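One structure is given below, represented as structure tokens, and several questions about it will come after.
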Amino acid sequence: MAKWIPLWLHKLSSPPTFYAFAGKVRPWAIALALILGVIALYGALVLAPPDYQQGDDYRIIFIHVPSAWMSLFIYAVMGVSAFIALVWRIKLAEVVAMESAPIGAAFTFITLVTGSLWGERMWGTWWTWDARLTSELVLLFLYLGVIGLYHSFEDRRQGARAAAFLAIIGIINVPIVHFSVQWWNTLHQGSTVNLFGKSHIATDMLWPLLTMMVATKAYYVASLCGRVRTDLLALEGGKDWVRKIAAAEKSR
Amino acid sequence: MAVMTAAIPATPLLEARALCFHRQDEPVFGPLDFRLDAGELTLIEGDNGSGKTTLMRILTGLLHAEEGELLWRGEPLHRDRCVGDIVFLGHQLGLKSELTPRENLRVAIGLHGHREHTDIDAVLAQVGLAGYGDEPVRRLSAGQKKRAALARLLLIPATLWLLDEPYANLDRTGIELVNRLLAEHIARGGAALVTSHGAVGFHGGEPQRIRMHA
Amino acid sequence: MSGSFESFLAMGGYAAYVWPSYAVFLLVLLADWLAPAFRRRRILRELRGRMARQSARERGKDGAAPFPPAP
Amino acid sequence: MNHAPLAPACAALLRRDLTLAWRQRGDIALPVLYALIVSTLFPFALGPDLALLQRIAGGAVLVTVLLAMLLALDAMFRSDIEDGSLEQLMLSPQPLAPMLGMKILAHWLTTALPLIVIAPLLASLLHLPVAVMPVLLLALLLATPLISLLGAVLVALTAGSRRSGMLLALMLLPLCVPVVIFAAGALAAAQQGLPWIAPIAWLGAALALAVVLAPLACAAALRIALDS
Amino acid sequence: MNHAPLAPACAALLRRDLTLAWRQRGDIALPVLYALIVSTLFPFALGPDLALLQRIAGGAVLVTVLLAMLLALDAMFRSDIEDGSLEQLMLSPQPLAPMLGMKILAHWLTTALPLIVIAPLLASLLHLPVAVMPVLLLALLLATPLISLLGAVLVALTAGSRRSGMLLALMLLPLCVPVVIFAAGALAAAQQGLPWIAPIAWLGAALALAVVLAPLACAAALRIALDS
Amino acid sequence: MAVMTAAIPATPLLEARALCFHRQDEPVFGPLDFRLDAGELTLIEGDNGSGKTTLMRILTGLLHAEEGELLWRGEPLHRDRCVGDIVFLGHQLGLKSELTPRENLRVAIGLHGHREHTDIDAVLAQVGLAGYGDEPVRRLSAGQKKRAALARLLLIPATLWLLDEPYANLDRTGIELVNRLLAEHIARGGAALVTSHGAVGFHGGEPQRIRMHA
């Protein structure tokens, strides 16, 4: 393992330590996600006024856009930890990469479904083969490919490495999804929310959107913690600390 | 050991220190220490399922053992360092069944290089396949296939032979043939690791033995 | 109140698009949240099976059980 | 000890794969025949409406050829893994990437090339206008090696796993889609008399990149996948 | 000595094949995924013209499903021959024909059934009118076992030969054409609101005949093919 | 032969008269005469490629010899007459590598019937695979696979065992196991034809031998 990794990080990346650590983080993260989520939903469904053009239909944005952002963000996280896993063979990085994939796939799926529902109203069709939609579909397939590859190997670590490789190859798709609206003329609209500059969106529509964004991030952390814990149990099946947990669970 | 090496060299050809292998956290074989010098023959013994084949695959670099050390000429065994110097004959012979033995051997020479003073016809005759050089491997009997795979050993230059049950399926003359090939290889300064269940009489003295425990 | 609640449910006539979106969002995330719990149970069950199998093998080895003396 | 130089090793491997393909020429002919079957069944399935057929001809040939290639992709390393030849290849003192490049080349020569050769026949079965034919061939000449190269990486990744079939298809789809979009774009433009250079140029650029990178990625993937 | 009765033997074999299919479920999913890929690529290749897609939807789904079945056909006995299981089956004290019938049934259950299940999805990807869907399903329910049964005989015939792939495709083509003609005829009639019973009835009659004769022919063919 | 048959019966179980086999007009083995009675063990000997495997496949009825006669209980050998009474274990083991040994054996029982007083668990333990019953065969070592195939012999009722190199890949205890299984089978009134290259000590006396010449 690389020398420059700080000691606390090194320690944290030992499976039993991280198992305990994730167990502590998880309730806090999910509580944050739930609180912010409820606030954002209230703002989205009740406080935000109907759009003068689209009526109430635009309220899908509060689900669609944060999910779309998460689908890309999680892929980036997965790609980075996959790289770390391949280069330094750190078990924890493998697990983080592999367990991010299902969460990312869930958000991608939500993006596709909500986008389709919205498109049915706005564009009169639930699906067209334009660049953004297609590349988002490709993103879903990439996630599914990573998940499938991981589980198709008998040796989980080997599967993790193969899937990490695929994740790294697939990372070129992320900028394509993001910039597709600029590179090709698509039916899908371009950027309206600008985190650092001025957004082309009313404030009482913007704040629920941003709150929801933070809520989904917190949810990601919480879900990831749960999944990583589970996967560590499977991966470390031969170790004593896991066997103790297994034996304890049985007696319960 | 009655072989022709000058003296036991300082750095052994291959050395294992506390080598362990786990599959999904189940131990396959325990800590294993051995050293192998040029001009030395070592027999790996063990019951069915004790990990002999697994050990061989680790030594080729195809499998990766996380625990313990494996040194090749004094340095950690790594594909780039040992490749081409090790030849492996496993349960799967690595022959294309649609090609003839001659064609199969030609590919091996192309990939691994040609050992001096050998040629395919002579080698085929030596392993008892004279007349079968142009028959597809698919049509050979089990023992004939094994002989075709043995012919590869003779044609390519490699210091270390890893032979996983080379005697299986061979008749008496075939067993004798393997023993002779091993003796010649050792005398030439090569080394060999062999697994076998049968009681086999090597030429040139009693080999070193590694016992595997499941 | 009930009138406004109904209009809230009606979503300006787009209920058929808005509510399914929110439902999908919540259901998918709920499924994602519950999945590891089931997997955890299965993993631990399989691990206990493996532990049992290992001890069976150990026993087989120690007792020289596989080959009872020939009659 | 004289280790083999690279060029003869490449030649030996290429020759082996071509000989094998020739010995089993029935199996190489399979993709070609599947493509023929599909093209023959289409008119039956759709009814002999000439304008309709003409309209879909370019796209149908494209999809058919790519699909036929996918069929054969799965088998790229399978027999080598099963009979232990791949192990022997990995133990040979040659860099793995060019060796795999040769295998990919052999695969392209034995599956894609015959398909490209009969593509005009398929296209004329579906009444594709003759003027579009050169564009079709050009598109195929660029798209098929691209699929071979990218496919090889994925096949290598799934080599050590058991459920390879589905995964492979799952991972291939995202790769095929852009290739088909560009190739079909060129065809459609040509069929309407518009300039079709741009999409073809994109395909060419992607191919150039893939020729360099895919064998390396393939070698890395194979090392990862077989370490079990 | 108590030789095994027929029914449990059939059950054991069917169960074995289904378990195997389940263990390798990735490979079963392969035809399904190929069918999905083809259906996804079509709109790309043809452009998203709704009327055009609708026009070809029925035929395209039919051809796609049959093609996907053909893919899997080749493998029906291959693994059994390679690992010696077929020998063991032929040495068992059971009549070969019902045993092979079971293998064909298992093959149909594991390849055709999933395809039929997703056929509505494929059809709706290509915007097939909903009214035609039941006819499509009925046609597939009759056509796919027919292809399985006829295909099995041909696969058995080519089992012992080396160049099985090409031969198989060559012999299958003439068998598929009539099946596609009848099935597509029913679809076209339904799409135009005409009665579609007649072609479906023909398919049904052919299926009834095939169910009785094909396993017998298959057993005979296998005996001949393996005696070398 | 120290076996428990009452007396040599008038009609032998299996009899070959001037049996010849040609492949594309090339003779594979010459005219061969032998008889095999119930309660008798016969060893087929011969060099690699002398036709032992081919002979076995003819005896199972999978291959067809055009010349000479082959009688099963006095009548010409025909599939319908002998099927189920002959079990064959060849170079290919006939195990599905994705299924577990237990599942493989269950299929064999379904197809061939169940021998009385046997059960899968006991048989698995007997061949030394206790604890491996639920592991996919693919994950077993070469010798463990062979043992799983041997377990099939014990579970299904058959009079004649045709074993092609049953000892290959087995360790000492495995070889001993095969010998014991054969002795028990013979004692039970069964018969067996075995090929082997190794020098194997059978229980119960010297077996009859058939020599094949290439």
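In order of appearance the chains are A, B, C, D, E and F, and numbering begins at 1 in each one.
Here is the rule we go by: contacts are C-beta pairs under 8 Å (C-beta built on N, C-alpha and C of every residue); 3 or more make two chains touch, one makes a residue touch a chain.
Chain identities (UniProt): A = Heme exporter protein C; B, F = Heme exporter protein A; C = Heme exporter protein D; D, E = Heme exporter protein B.
What you are looking at is a predicted structure, and each value in this text was computed from that prediction instead of being measured.
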item	value
Farthest chain (mean CA position) relative to chain D	F
Same vs different contact residues, chain B with chain F, by half of numbers used	same
Greatest separation from chain A - chain, by CA centre	F
Chain pair, most C-beta pairs within the contact cut-off	D-E
Chain B and chain F: spacing of chain centres that average the CA atoms, whole Å	31
Mean-CA-position distance for chain B and chain A (Å)	49
Averaged-CA centre spacing for the pair chain F and chain E, given as whole angstrom	37
Sequence positions of chain B contacting 2 or more other chains	26, 98
Junction residues of chain C - those touching two or more other chains	50, 54
Residue list for chain D, restricted to those that touch at least two other chains	23-24, 162-164, 166-167, 170, 173, 177, 181, 227-228
Complex contacts: residues of chain A adjacent to chain B	154-156, 236-239
In the complex with chain F, residue positions of chain E that touch it	1-4, 8-9, 11-13, 15-16, 19-20, 23-24, 79, 82-85, 87-94, 99, 226-228
Residues of chain B touching chain F in the complex	46-49, 53, 91, 128, 140-144, 146-147, 165, 168-175, 197-198
Residues on chain B engaged by chain D in the complex (per definition of touch)	60-64, 83-88, 90, 92-99, 103, 106-116, 136, 157, 159
Interface residues, chain A side, partner chain C - complex	41, 45-46, 50, 55-57, 59-60, 63-64, 67, 102-103, 106, 109-110, 113-114, 117-118, 120-121, 219, 223, 226-227, 229-230, 233-234, 237, 242-243, 245-247, 249-250
